[in-house]
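So, here come the structures, one by one.
The two complexes that follow have chain A in common; it is paired with chain B in the first and with chain C in the second.
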Partner chain A sequence: MATEKSERFDQVDWNDLSRSGRFDLSVNSLGMLLTTIPLALLGVYDWQFLGERTPTFEFIGLEQNLETLDFFFIFTLFLAFWYLVLPLYQNPRMTRYYWKEFRRNRPAVVSLGWLGVVFVGGIVGPLILNAPQQDLLIAYQPPVFTSVADTTPATCVGEVMNGRCYGTWQHPLGTTGGGKDVFTMIVYGMTISMQIGFITTTIVATIGITFGTLSAYSGGWVDEIMMRFVDIILSFPTFLMFLLILYIYGAGLGMFIVVFSLFAWGGTARYIRSKSLSISEEEFIKASRISGASTYQVIRGHVVPNAASSIITQLTLLIPGFLLAEAQLAFLGVGDSTVPSWGQLIATGRSDLSFAPWIVLAPGIVLFLTILAFNFLGDALLDALNPEAEAENG
Partner chain B sequence: MSADQPLLEVENLTTTFSTDNGTLTAVDGIDFSVDTGETVCIVGESGSGKTVATESITRIINTPPGEIEGTVRYKGRDLLSLPESELRQIRGNDIAHIFQNPQEAMNHCYTVGWQIVEALQIHQDVSDDEARARAVDLMDRVGIANASSRFDDYPHEFSGGQKQRVMIAMALVGDPDLLIADEPTTALDVTVQAQILKLLDDLQEEFEMGILFVTHDLGVVAEIADRIVVMYAGKVMERGGVLDIFDHPGHPYTQQLLECLPEFGGTGGGISGTLPDPYDPPEGCRFAPRCEYAEEACRTGEQPEEVEVAPGQRVSCVHYGPGGNPSIVRNDEFGPIDGDGTAPTDGESEVGPADD
Partner chain C sequence: MGFGRYVSARVLWAAVVSLIIVTVTFLLLSAAPNPAVRRAATQAALQGGDPAEAAERVRELRGLDEPLYVRYMDFLRNVYTLDWGWSVSTSMPVTEAVTNALYYTAQYSIPWTILTIILGPLVGVYSAANMYSWKDHAATGFAFFGYAIPNFFFGIILLLIFGVWLEWIPVIYKPEVPVFSVQNAIQLTLPVFVLVTGSIGAVMRVSRNESAEFQNADFMKTAKAKGVSPLRAYAYHVMRPTLVPLSTTLVGQLLALFLGASLLVEVVFGIPGLGRLTYNALIQQDTNLVLGTTLFFTFVAVIGNLIEDLVFTVLDPRISYDDR
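Moving on, here comes the complex of A and B:
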């Protein structure tokens, strides 16, 4: 739905559509509403009227099934589109400026490219690639351009020369011990990583920003209680909590995301609180109050936008932590082994490391690159979005 | 609003702040009033409580730690007892502010146009297009060349003077009756300062505003004020018409302030000593510790009652009070009590000996 809209951007007269008064919705909110309502309806329909195993899109003859997590993922994609991508289009001048600043950081541009690949791969990949199938006959195929002793794979798909089995383009990154194609599994893992990244970010941002600004603006004992609560959240042994929940409810990816993001917003909230406090001392906050703005208008219109650059940076740097945590849990064997995440793939290849290292190395390198990319990206965003630096130049 | 009622009437305004070191009294029981179309200047050194006094009017001071007492009547309504929601309707709509430092008073995340439109849409339900048109009009009115194309520029792309013009435009969106200008020209250079003062003067006539102007710059006061209120350490030292005070400054503090100005024949040497501790103000006249005419009577009791020394000019000084001898501080021709304050004088060069 989002892509369908984007094709018609040039024809839309934004000034004409934008809010006609202060109670009207902006284009962004309107778009968000228009895309979320069908999604919510579909979600309710899927939940209430379809069986567990019935594909969501059966009514138009598609085999695609959406899980609860997928609905949340699509929702966060809508959020990102209407409130992150579209504003960039609406303010071409600032976008050009940010891009100019961002471009100066070469590693970050490469990182953005890599994350773009992961993002597109994660969304489009599962639609065009069939889910990896178990096929013991083609287990342990080596990646293309490499070879293993022909005793390692059950049957060699590619050429066998001098007693060595060579990899083929059929399985560019080889196969696992179960005969699943490693490349396909990595692409499916991209979806998982993007889901983890987007959904946790949304949850952490929502709770953290609300909690942080509320705490900063309440002050007094409310602030005190809220910040001590954050201390509790921060010192909570999330891992043990997750083990407990896993024991009671079983471990799905959704459970991982919910538990880890519900215990991860503490740092963000504390950071945003201190940021809000320093911003609320600014003269323009006083100017805004003096021209009659309410506390909500001040927070929504001035405090959060001014903190946004720091918030975006902070959240970008938070995502790698989640990806790593998921991989670690999967590696330890804690977590849902049916989820095709990179961590699970690494975990399956663990025992075959001596003779089939590509099963661990391929997803390991992808995971490493992705985490590195997020870190570079956060670093460059900090430089590009920092309004204080800009004001000092002006 | 009856005809004889002033636009703004401040009575016994006291603003204190509770801090860990005790209670700080920034403004201590001051009175003043502003009429429509009139410019009243609050003058005093830095730290005299001028800004706190003006920010107390619309209760912009954070409470707590601040505490505001007294009455502030705007068109007969007591602003200090109004609930926050009603006060918000007055802020920006009826009473507008402009600040000392326009650079800091603008949000650098947004274009200046956005900020003017925001100020407008807080109070009025107007469409974006209409708001934009009005904002461009206002920017044009305050003298920003090429207003419609500068609408989408960011604050850092404006010069200091232009930013102050934008701030004035933002202040004018609600067609205010009272404009509180807190040192609006301090951060600007002298030529721009003169332009801004001229602009404020023109706008005052056009919008029929009362202006409450805070400054420590007596040169600015001479240009725009109708009446002056001289503040020192949270108290009013002297008040009166601008000409009366410049010709016959009554209070030793006012005299010394004027002496600081080279263009008024002063030495430009400054006033020796510093402001008293706001946590523990001295007894008697606040200025007594720095006053060369101070006597025993100046250092006991409360700040002296204000005494009318000429029509409309009132001084809070022991020497003008009962039993005092004004000639001690006034070494120009004696006789402020009788007549119309036109006693012959040779001007300020004779007022008091220089303090250095």
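Moving on, here comes the complex of A and C:
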């Protein structure tokens, strides 16, 4: 997506376009660089100069600490902002067109709204809400508007009527057996889900695009070997291999993200390869080649933008798989137990299911809705970004 | 390339893939400290012995002091001759433990697979025939629901409703019930239902979208004009071409579910099948059994992919073998 694209032919500033110095940066790259450098410096500072348990922001008196994963997460957020959101703002005409196409699919609009809630909740929530605290006295509080027999909770926070304990707005979704607030835990789980979604997609897209274009442009036996490698990656039973790795080495959330994204880029690479092969036959590629575009410029300026819509769709449909896998591992009790994910909450509540079903139901429904939203969104993006596919889906 | 050569090349490729996966597994295992050695060292230290010496003895006993390539060849030979060692937690050979568990896994996997294969395309084509009617919307809604709801969560909820609250089905799975009995059918209903809901969605979607294409094809118009009954027209002219592209996604979908979700479903419903065996082996640190079950699942995946490719070329003769 070239940034300074004029809407009309006669308005094109050719001097601007012919600027082809290697070190001229677009606004996007400049912004990316300006935001990444402080982040990287902060990361190095945190890693080199601070003790294991010192919060990152102690020097300005904040208790907030950042883990390695958080740094990557913030990095991917910057990436998404400068190369996904900003280009949409820079191309208002295309944005309006996409939105018009997208709006026709009503479930997808609702899904986007829900994912927006999860996204904002995941980023802002932990800053506003305090981490859930263990408090056995207020264990098993029912959600608001519901009631349980007053023998279930140790003490009832809300009012007790006719031997039944009623839920309060203090704990809108009730509390767990340890007295932790379910709503707060779900908000904290949003952060984890967003981290999984953003970091995995970044890794998958980076490896997939690099590998696919390299394979297409190498050609010959290099291409053959690289594509066979993709075959292996695609037929690798990731979940089981991760269980094995978990068994042998033990693994946290970071390891989970790395392993699952390292085995998920096969489809993207395959797609990019076939797209680069077919596009290199097009006339406009020949034209840009004759005008002296390098292979890198062709890939950056033509192959990736043309494949972007399908890649974004593919990635959107990959994320629910990762979320599900994380929840499954957490439920089995072999996931990272220090991470407050939704699956972890489901696993905690499982033994109390018969008398305190909200502990399992609330995070389960949130997980279900999120997976559903990603699926709807992927479906709608397929139609909005790629009008050719519509003919097939009829 | 002829068909025969294609098949042999594809089989050879499957063998190579399995070899690579086994090699990766071996490397993973040999790079990590062996739990048996660690246990022996801890025990020796507790009993006042020399931990280093005990560890050395166990290493020698298990052949861990041999060079890497000797151990690798041994490992390969054992894996491919099905000599998978002794499982400590079940006190039987790993192969026997796997076969025993397979007996229970098959009891729910076979009905589940058959139901998905039969119902999925049927509902998909039906919903394409009534496109954009309320039936189509209902089917699509169901497909998305089944696709998106996490299997283990769905299982827990159904178990809570029908097992705990309504008491229609037993909460605890009884492995001693005869295979073909009403009791067994009742206790397997929920797991099969959960798995079918999970797998049928994708099949339905694919067959709906694929068959939409043939809905208004010229041969359908001809068939209708000739007065062919709708049932026959759909069965012969829509269903058949739909099944070809469907077969590519079907095996992959089922395999993915079999590998991931069956493990969870077995844990939720307490079925002593392969998934539960893997889980118990993980919990009880039974290395041989963990290895055996993962390798078994891996081989199933490799063979499944192989069959999928072969079936696809048999069904659609237009596919050139050189493209693969």
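Heads up, the rule we're going with is that the second predicted complex is superposed on the first by the 358 of 394 C-alpha atoms of A that agree within 3 Å, B and C clash if a C-alpha of one lies under 4 Å from a C-alpha of the other, contacts with A are read in each partner's own complex, and residues count from 1 in each chain.
Convention: contacts are C-beta pairs under 8 Å (C-beta built on N, C-alpha and C of every residue); 3 or more make two chains touch, one makes a residue touch a chain.
Because the structure is a prediction, the values reported are computed rather than measured.
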Touched partner set for A:319, first chain B, second chain C, both or neither: neither
Partner chain in contact with A:302 - chain B first, chain C second, else both or neither: first
Chain B versus chain C as contact partner of A:237, first or second or both or neither: second
Chain B versus chain C as contact partner of A:187, first or second or both or neither: neither
Broader residue contact with chain A after superposition on the shared chain, chain B or chain C: C
Which of chain B and chain C A:253 touches, first, second, both or neither: neither
Partner chain in contact with A:372 - chain B first, chain C second, else both or neither: second
Interface residues of chain A shared between complexes with chain B and chain C: 393-394
Touching residues on chain A, where the partner in the complex is chain C: 228, 231-232, 235-237, 239-241, 243-249, 320, 324-325, 327-328, 331-332, 334, 346, 350, 353-354, 357, 360-361, 364, 367-368, 371-372, 375-376, 392-394
Residues of chain A defined as touching chain B within the complex: 15, 18-23, 93, 282-284, 286-294, 297, 301-302, 305-306, 308, 387, 390-391, 393-394
Touching residues (chain side chain C, partner chain A) in the complex: 13, 17, 20-21, 24-25, 28-29, 32, 144-145, 147-150, 152-153, 156-157, 160, 164, 209, 212-213, 259-261, 263-264, 267, 278-279, 282, 285, 287, 290-291, 294, 297-298, 301-302, 305
List of chain B residues in touch with chain A within their complex: 58, 60, 88-93, 96-97, 99, 101, 104-110, 118-119, 121-123, 125-129, 152, 154-157, 167, 170-171, 173-174
